[in-house]
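Okay, got some structures for you below.
Presented sequentially are two complexes of subunit A, the first with subunit B as partner and the second with subunit C.
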Partner chain A sequence: MKIRNDVIKVYKDVHIWVGILSGLMLFIAFYAGAITMFEKPLERWATPPSSLAAPPPLARAEVLLQAVLAEHPQAAKNYLIVVEPTVDAPARVIWREPGKSRRQFTEFGASFADDGSLQVEKLRKAPVAQLVDTLHQLVGLPFPDALARPIMGAVALLYAVALVSGLIIFLPTLAKDLLAMRIGHNIKRLWMDVHNALGVVSLPFHVVMALTCVVFAFHDEFYDVQGAVVYEQGVPWQRETPPGPPTPDARPLPAVELLRLAHAQQPGFDVFNFSFKQAGGQLEASITGLDTRYGTRARTYASTHLNPYTGEIDPHDLPGQMDPWDTAVNTFFMLHFGSFGGNPVRWLYLLLGLAGALLFYTGNLLWIESRRRKQRADGVPEQTRSARVLGSLTVGVSLGCVVGISATLAATKWLPQRVDNLAAWHEGIYYALFVAAVAWAFVRGAPRAAVELLRLAALLTLLIPLSSLAGVWGIGGAWHHPGIGCVIDLTALAAVPVFLVIAGYTARRMRVGHADSVWAQPASSQPLPPSGRGPASALQE
Partner chain B sequence: MNPWLYTLAALAGIVGAWLLYLAVPQQQWLAAPRRPARGLAWSGAALALLALLLLLTMMGAMAAVATWLSLLMLVGTLAPFLGAWRAHRRRRPA
Partner chain C sequence: MTTQRSHRLDSADWFGKTCAGLVLGFSLAVAVSGLCAWLTPGGIAGGNGKIQFVMWLIAPLWAGVLCFVFLFRDSRRAWLWLGGANLVACGLLAGVRGLLG
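Up next, the complex of A and B:
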């Protein structure tokens, strides 16, 4: 495809500058987002064990509920009957008590002790998975949501512009460069191929991410504009027709019966819980679960209304049974969250997310490489200040994010016994490490800091499974949940050699790569041969 | 979902995407490009299509297409790196 050179140059400039402006924030969004694909397993891994006795069978849920309501009548306003209790929802009956704001609440769980007495516990969901998700949503910015979200939206718009401009730049050489990977002495060519390999084939994934991020960031504004321009009388939301009031002698069906009826009506829908609340003197219920054949609007579940007296499910909120408009909205969410196809798709999204993070990293490397002052006969020139600054910033921000997340995850199993405000501690650990890494990158320079921070990342990531191992041995109040928790530990363990190998390659490049580069070892600490490349490189040649 | 069919769809998708990579002149997995490349491309496309059809029998249409595309994109993203790694090993003196 032929495109005029002057047009290409304009798009190249646009691509470069939007990439520089948004790339590092997008790295954080993609790295944290990749981890967020397993938010639920991470939350379970991070939640301390409950002190409640084992949940009674589902058939005894109503007995437990009556015991709870006798001692805690406020629970009747909003409670759940859990079908399959898990580490993060460890009780058969859970209720919520409202906090200061609408979104704040405290959860309590109940069970029967061995002597048949009622046990009640305030549930403690670990906040660390939420922190990683917040980093993802707010591109790592430590600002309040109201400020960070529009910035995230602007970054997403820049990302969309970068995708379009990048594609236009690539089109003229598509046939020659598609899936090419030329590894040789031309480092710029190499980074260009890596950048293209990461970005071109997965372009649909990136387009989806960019568009959905814009919608997530500005959805209030979209609704406002829509309300002002299209629906002057207000958006005509579809009102659900509530079921008629129950007869005076009607009683809610037991959970076992509700579950049986749910399976009969919605085969393939894996039920997690039934939730109930009192509204206008009437009991309202909803059913929550997942059918992996369809994508969901929420990340890990779908929920819809249920008549607690008849067990009839209102399917219009369930994926696969929505009307076309709701299906379109649902599609936006499911494509962003990867909430379909179960764990295999979550792994695909995790790997595509990590590849996306590398795409932004390599974009910065390409910029630096393109501006390299090459060696001449009179010696090795000093690289530009902008290249050195961007090198340090790229290393500091990217590896600061990696190091910060690993550190705060590694602290997860030690904090609950020692501090009260877990969320603040996790946030403090992340940002302390992040800021320190950025400062370190500027103090030490990009090449040395990259090696050191990668080794630190390996060490901190190794501490994640070691903290679970401490839990197996009961050291220091740490814990270990068998089963799903092992996936987190094994994944962290697998990442350790990856960080070390990259650190090894980075150190090697620092020693033997081009001397006329921001990635070369500082001249004061390494004598250089006249070839302009490091000593080992000279030996190889 | 039937896990066997799901696995079969995944295998068909991976092999299909891999054959499509091998059909591209820039591929480095094979020392010499297989001629004619058109056969590889058609086989790859057929297997990729089979993967999509299998997924469509098990999942909602949008979820099936998105799963299929995600798989093809990931294989297509990793393939040049694997190809370059193999070419590098080939070039290395024994």
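Up next, the complex of A and C:
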């Protein structure tokens, strides 16, 4: 495709600047986002075993509920009956007490001890998966949501501009260069090929991410503006009034009966729990579960209203039964979350997320390569300060995010025995490592810090499965849930050699790669003139 | 419309163009989303799903304007053309609201 040279030049400038401004934050968003694809398994893996006795059968849920309400009447306001208790929801009856903010809850679970007495436990759902998710949502910024979210939105807009400008630059040579990998002495050409191939092949994924993130950042503001200028009297949300009891003295159906009626109405819908709220003297209920044939707007479930007196499900919030507008919106969410097609799509999204992180990383490498001061006859020139700074920043921020996440995950199984405020500790560990890594990258310079931080990442990531292994042996309060959670340990284990191999390549480049590069060993510590590079390779650039 | 054969595009005016894309791109996106709210099936009372869909429309419209605003020859032209497009879209929206509201 033919595009005028001056247009390409302008969009090259645009691409370079939006890339530099947003690339590192996007790296964190994508690396953490890739891990967040398995947030639920990670949360289960990270949650300590419950001290409650095994849950009573579903048929006794009402007996347990009455026992709870007798001792904790406040539970009536907001409680769940869990159909299939799991590690992160380990009780048949769970209730929520409001926390500091509207969305915060403290959850309690109940069971019967062997002697029939009521057992109550404050649930200890691990906060570490949520931390990784928050890093993802707020592009790694340690600011309050109100400040970090608009910055994330701005980054998303820059990202959208980066995608379009990158495509415009690449279009004229797309047919020739797509999937070309020119591996040779011209490192810039090689990184350019990698960057282009990643960008073009995953472009639809990136367009989805950029546009959905603009909405995730600014939906409140968008509604406010539309409420003022589009609609007559504010946004005309339709309130759904739940059906009341059919007769004044009607009683809610038992959970077993609700489940039977749910299966009859929605075959294929796997029910996780029923939740109940007391509002205005009336009981409101909803049903949560998943029909794996449909993608969902929540990441791991679908939820809709249920009449607790008749068991009738209101299907219009369930994927596959929504109106066309809702279906379209459901699809936007689903495409962002990869919440369709089950685990194969989750793994695919994980790979696309890591490829995205690599796209932004290679973008920064290209910026550095294109500002390289070439070797001349009179010796190796000093690289520009900006190239050195961006090199250190790229290494420090990217690998700081990697080591921070690995460290805080490795600490998961040791903290609950030792400290109270788990969320603060996990956040503290992440940011301590992150800040230290960035500082280290500036102190040591990009090449040495890259090698060292990659080896540290390998070590810290290895500690993740080792902690689970300690749990198998019951050492130091660690634990291990049998079952599918071991996939997390195996994935971490598989990442260890990857980090080591990259560290090996980086070390090799530092020793024998081009001397006229920010990636070469700093001159002061070079014992011998660099080998593996002669005037011939310099000419190729 | 924005470039003549003799004129070469450059990046000098990036700040003004970016601001035009951010400000007028946003207002244009809101106005066009409003037209969609009123004129597509179901009309303005199309239900909760439609309300959300119409809100989502802002993102691609706004980002789209921001992406292509750099094709204007200078920031004055960007502000004038996008301002004109805003006038048309807002005028249509006001007219539609008056007729159908």
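In the analysis below, the second predicted complex is superposed on the first by the 521 of 541 C-alpha atoms of A that agree within 3 Å, B and C clash if a C-alpha of one lies under 4 Å from a C-alpha of the other, contacts with A are read in each partner's own complex, and residues count from 1 in each chain.
Going forward, a residue touches a chain if its C-beta (ideal position, glycine included) is under 8 Å from a C-beta of that chain, and two chains touch if they have at least 3 such contacts.
Values in this document were obtained by computation on a predicted structure and should not be read as measured data.
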Fit-or-clash call for subunit B and subunit C when the two complexes are aligned on subunit A: fit
Touching partner for A:10 - first (subunit B), second (subunit C), both, neither: second
Which superposed partner A:231 touches (first subunit B, second subunit C, both, neither): second
Subunit B versus subunit C as contact partner of A:439, first or second or both or neither: neither
First (subunit B), second (subunit C), both or neither touched by A:219: second
Which of subunit B and subunit C A:389 touches, first, second, both or neither: neither
Partner chain in contact with A:160 - subunit B first, subunit C second, else both or neither: second
Touched partner set for A:211, first subunit B, second subunit C, both or neither: second
Superposed model, angle subtended at subunit A by subunit C and subunit B (C-alpha, nearest 10 degrees): 80
First, second, both or neither for A:342, with subunit B first and subunit C second: first
Which of subunit B and subunit C A:322 touches, first, second, both or neither: second
After fitting on chain A: smallest Cα gap, subunit B-subunit C, Å: 15
Contacts on subunit A seen with subunit B and repeated with subunit C across the two complexes: 327
Partner subunit C, residues of subunit A touching it in the complex: 4, 6-7, 9-11, 13-14, 17, 157, 160-161, 164-165, 210-212, 214-215, 218-219, 222-223, 225-226, 229-232, 235-238, 322-329, 332
Sites on subunit C touched by subunit A in the complex: 8-11, 14, 22, 30-31, 33-34, 37-38, 42, 44-56, 58-60, 62-63, 66-68, 70-71, 93, 97, 101
Subunit A contact footprint on subunit B (complex, rising order): 1, 6, 10, 21, 24, 26-28, 58-60, 62-63, 66-67, 69-71, 73-74, 76-77, 79-81, 83-84, 87-88
Residues of subunit A that touch subunit B when the two form their complex: 176-181, 183, 193, 197-198, 201-202, 204-205, 292-295, 319-320, 327, 331, 334-335, 338, 340-342, 344-345, 348-349, 351-352, 355
